[in-house]
Every structure is written in C-alpha cells, then in structure tokens.
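Structures follow.
Next come two complexes built around subunit A: one with subunit B, the other with subunit C.
And now, the complex of A and B:
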C-alpha cells in the first residue's frame, strides 16, 4: 500500500502532462498554413513575394459587362462586391488566383466564377516583376456579410507556407451603385 | 517444490483462460455492435418533394424530375443520349464557398449513373461555387442512353457530409461524406425541353 500510492500518483501526473501536451499540439494545418501579412484599405501591403493595394470597393445589385462582344448582365440574391486591386510581384512572375472575402460572420466567400470572361479580371492576369498590374475582383455575398470585411489574397487557394495578404476593408469607403458596368478600363 | 510447480501451471492456465474469454467477449461485442449499426442504418427517412433536407454541408430541396433532350443551358444533349433533369434548391451550410456538391445527390434506381452536371438557373450556365448562406435554384443533369428504360418514379438519395474539426490524417478541419440522409421519390415527368 505504501508503494502503491506514490506509483499511482506518478502515473496520474504523467497522464496529466501527456494530456496537456496532446491538447496543445499545434495542428499540422496550422504549422504549414499561410504566412500572413495584414494591412488596411488604401495602403500598399507587402509580403515577401508580392504586394497589393485596394484602390476602390463598389457594391452593386447588378453587374454588366461584354463577353465575346455580347452583353451579359448578372443578378444576385445578395450583393456584388467589386474590388479594384493593384498588385506587384516581387522577384518572380506570379498569378494571383486566390481572392477571398471574409465577411462579418467569418464565412469565406471566394471570388465568383459567374463573372468569368469580364474584362480586367485580376484572376485572368499574370503579375510580372516590376510591372504593377491593376485588376478587378468580383465577389457575391449576402448583404448581412457586408461589415468588417477583409480581403485575402494569395497565389492559389489554401496556401501552405506561402504568402497571404489580408487587407481590412473600410465600411465607409464602399461606393454603392445600383448597376456596375465592368468596362475595359475597370470600374 | 511440487506444490509450487502445480501452482505455477495452474496460474498459466488461468491466464490463458482469461485471455481466451476476453478475446471471445471482444469479438462478440464488435459483432453485436456491427449488427446494431447496420440495423439502425436502414432507417433513412423518406421525404416529400420540396422538403428541405439538412445533409450537413448542404441543404437540399428536390422539387421535380423530368426527362428531356435539352440541357438547361440551352445546348442539345449529345447524340444518342437523353437528359434526366432534377430541379433542386441547393444551399451551402459550410463556412466557405464550395463546388463539391457533386456527391450530394445520387439517383438510386438508374444503373451506371455517373456524377451529374449542375446548372445554375439564374444564369442558365454551369454552376461553379455555391456561396455560403445563398440558396440557389439549380438543375442536376444525368445523361443516359436514349434506349435506356427509365423507371416511372425516380428514387433520389441525398448524401450527407459531416464536419470534423480535426481529420485523422492532417488534423485539419474538413467535411467528410457519410451515408444517405434522406430519400426522395418523384414521378418522372416527360418534359419536351428540360431547359424550360
């Protein structure tokens, strides 16, 4: 009995330590997650491999553009959010394929494919080093998500140990339009 | 000396007996559990057309089924085939835009049916991502051979997905398919043009 008590105490302590280590181990997904750089709307936010600046944010009920010479009009049950971005690549050519809006609830809204073929989309461009590239990002999201938004930009979706730029969007700097026309010279 | 030898042998026998009984008990328990699970798995509810089914990642409401010769985007079905078109409302309940709805709907009583093509009715075009909290009117299309005999009533299964905060491989959050959560039985309407 006199030996049993310290032994069981040691086992309990060892168990507690192991439980603590197990519950605080950072998950693999976090260890290999994106390398984030944050900034505000209007500022040039620079990461190691690329930088970006949000020039203009517009919300609209309808968007219109020309695709293959044909007029296209797209409507939504929520709102369209159009973001004009200037991107610069560091030392290597890179496409910026992934653009996501984190809405008020924390849900992630990827840029929509419903506006594919619209002129000046950033997702259709490649950013060359030394050549600042402007482009548009088109998002579709419910109206109640339009507060405390941030824009997440990276080379591809689900970046692992790669740069991701997070730009907080300013609610007061969002222009409201009924119908936004995406032309060859942007918004 | 003799007594202790006998005692040792006896103890070895008891140990083996206990191990045997324990093993048998474990086998019996797992067998009983698998029987219980397969019994309770059979109770998949049947829902009415138009009822919203909560399938974890997706909310699905199947409204009608028809057979036609036109795809919802206005193009014609490839020669020698016909289109089996299911009207549904699809809502993304997850926290991220997603285009992984291909496994959410299965047709049970048409053999060799591949994954359907999904069309967004708002645009009459192929459906890409479904945004969270934005239900959309969608058509799912299976292309089957022209001479294939279709049943009078289509039996559709809505397949559920569960969220794991940490998956077994990378401890990363993710959605994983499970089993059908509901069946919908619908009469097959012979619409001339599925796109209308």
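And now, the complex of A and C:
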C-alpha cells in the first residue's frame, strides 16, 4: 500500500503534465503560419522582406478600363473595392501576388479575376529592390463587409513562415464613386 | 529487446532526416562566393562577362525609363572544360550589390519580347535555365543572357552571381562594368 500511493501520485502528476502540454501546444498551422506585421492605412508597414503603404482606397459600383485597346466596363451586385498600394522589396526581387481583404464578418476576399487585364495591377508586377512600385488591387465584395476591413499582403497565398503585412483600412478614408476608371496612372 | 532498439533507431532516423535537410538547405544558399578567374572552372566551365548593355538612360537606345529604373542586359560566355551533363541544373544567375541586395532576372517570355523590341532581326540569346538543358560539349562555348531591372544608383557596385545546384553553397561573382 505504501508503495502504491507514491506510484499512483507520480502517474497522476505525469498525466496532468502531459495533459497541460497537449492542451497548450499551438496547432501546426499556427507554428508554420505567416509572420505578420501590422499597421494602419497611410503608414509604411515594413516586414523583414518587403514593405507596403496603402495610398488610396476607392469603392465603386462600376469599374472601367482599357484592355488590349478595348473599353471594358464591369458592374457588380456588391461593391468594387480598389486599393492603390506602394510596395518596396527588401533585399531580393519579389512578386506580391497575394492580396486579400478581411471584411467585417471576418470572411476573406481574394483579388477578383473579373478585372484581369486591367492596367497597373500589382499582382502583374514584380517588385525590385530599390525601386518603389505602385499598383492596384481590385476586390469585389458584399456591401455589408465594408467596415473594419484589413488588407493582407504577401508574396503568395497561404504563406508559411513567410512575411505577411496586415494593414487596417480606415472606413473614413474610403472614397465613394459611382464609376471608377482604372488608367495607366492608377486611380 | 525491441523497446531497447527504439531510442537508437529514433536517433538514427533523426540524424538521417537532419542530414537530408541540411544538404537541401546548402543546395539552396550561396555561402562561399569567389571571384571568377581565368583558367578556373565553375560547374565544368570557364565563365567570363561577354557583354553588358544599359537601357533606360537614353544612351544605348533612345528609350528612357522613369526615375531610377534601368534595364541591364548581361551576357556571360561559358567554355566547357569537361562534359557538363546535368551539371548546370537549377542555374541561378542574379545581380547583387555591395549591400547584399539581389535582383532576379526577368521571366523568359518578357525577356524574349524585349529582345525582339530591341532588334527585330536578332535571334534572342537563351537564358541560363534554357541553356542548362543543353550545355556545350567539351571545349565548345555558349553565350547566355539575362535581363534585369535595377535602380540606377546601384550600377557602380553590381556583380553578376552564378551558381548551380551542384556548386552551391559555392558561387562565382563577375563584376559588371558599364562603359
């Protein structure tokens, strides 16, 4: 009986420790997830490998641009959200292919494919060290998502142990237009 | 007995995996960089800078690019000193400056388009990736070309850096000189 008590106590303590370790272990997705750097609209937010600044945000019901010399006009039952960004690469050439809006509900909206071929899209550019690059991001999302939005930028979608910049968009700084024209000079 | 074998087996499995990971990592990085010199082979060939063009300041062509943006076209000449085979696999041809920044080449499609815009009659010179698929036989030469977009203020300190999966972590540097 004397021997049984300490043995049981040790097993109970070991079990408690294991339970604690198991319940506090971060999930694999978190351990290998993106390395986030956050900031506000208008500020230059710098991560280890690149930096970005949101210069302008416009919402519109219709967007218009020229594609291969032809006029293109796109409408939406939701809202077009156009974001003008200046990006800078750190020490190596990199594309910034992934841009996502996290809306009011927490849902994530990737860049629309409906504006493919529009001029000055950031996703079609490559950012070179020492050469600040401006570009446009185009999103299509429901109107009710247009509050407390954040812009997530990274080299590619689903970054693992790579930089991701999160920029909180200021609702008061979103310009409203019926029709936004995407030109060679941006918005 | 089987339980006794478990710890050494776990250690052995860990060691094998760790070694594989370290090997993979070493074949990705360029840690040992030396200047290219005459008579010294790198990946089975002697390398020299064949030609450099600077586009965007209005001198080489009438084209001017906005602000600091410049297009640099670098040609390297390689003379095979042995049978290269797959020795040029995963070619990495970049430009670096003295601050450790690195510029990657333009993608092959854009590079070909630019070559055609610069000279409609000239046959575009192959890039490193394509040339690595059919390297020259022993004692024959080949020229490879890559195009880079760089800021004007780094031009005096630019070097071309070349490595292959078989040479990494080793790489060679060739100073890029503009007239």
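We adopt the following convention: the second predicted complex is superposed on the first by the 170 of 187 C-alpha atoms of A that agree within 3 Å, B and C clash if a C-alpha of one lies under 4 Å from a C-alpha of the other, contacts with A are read in each partner's own complex, and residues count from 1 in each chain.
The rule we apply is simple: a residue touches a chain if its C-beta (ideal position, glycine included) is under 8 Å from a C-beta of that chain, and two chains touch if they have at least 3 such contacts.
This one's a predicted model, so the numbers in the text were calculated from it and none came from an experiment.
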{"item": "Which superposed partner A:27 touches (first subunit B, second subunit C, both, neither)", "value": "first"}
{"item": "Subunit B versus subunit C as contact partner of A:113, first or second or both or neither", "value": "first"}
{"item": "A:141 touches, of subunit B and subunit C: first, second, both or neither?", "value": "first"}
{"item": "Partner contacting more residues of subunit A (subunit B vs subunit C)", "value": "B"}
{"item": "First, second, both or neither for A:91, with subunit B first and subunit C second", "value": "second"}
{"item": "Contacts of A:129 with subunit B and subunit C, given as first, second, both or neither", "value": "second"}
{"item": "Which superposed partner A:78 touches (first subunit B, second subunit C, both, neither)", "value": "first"}
{"item": "Residues on subunit A lying within both footprints (that of subunit B and that of subunit C)", "value": "none"}
{"item": "Footprint of subunit A on subunit B - complex, ascending", "value": "95-97, 120, 122-123, 125, 128-129, 131-136, 166, 170-173"}
{"item": "Contact footprint of subunit C on subunit A as seen in their complex", "value": "91-93, 126, 128-131"}
{"item": "Interfacial residue positions of subunit C with respect to subunit A in the complex", "value": "67-69, 99-104, 106, 149-151, 153-154"}
{"item": "Subunit B partner contacts - residues on subunit A that touch it in the complex", "value": "27-29, 74-78, 100, 106-110, 112-114, 140-142, 145"}
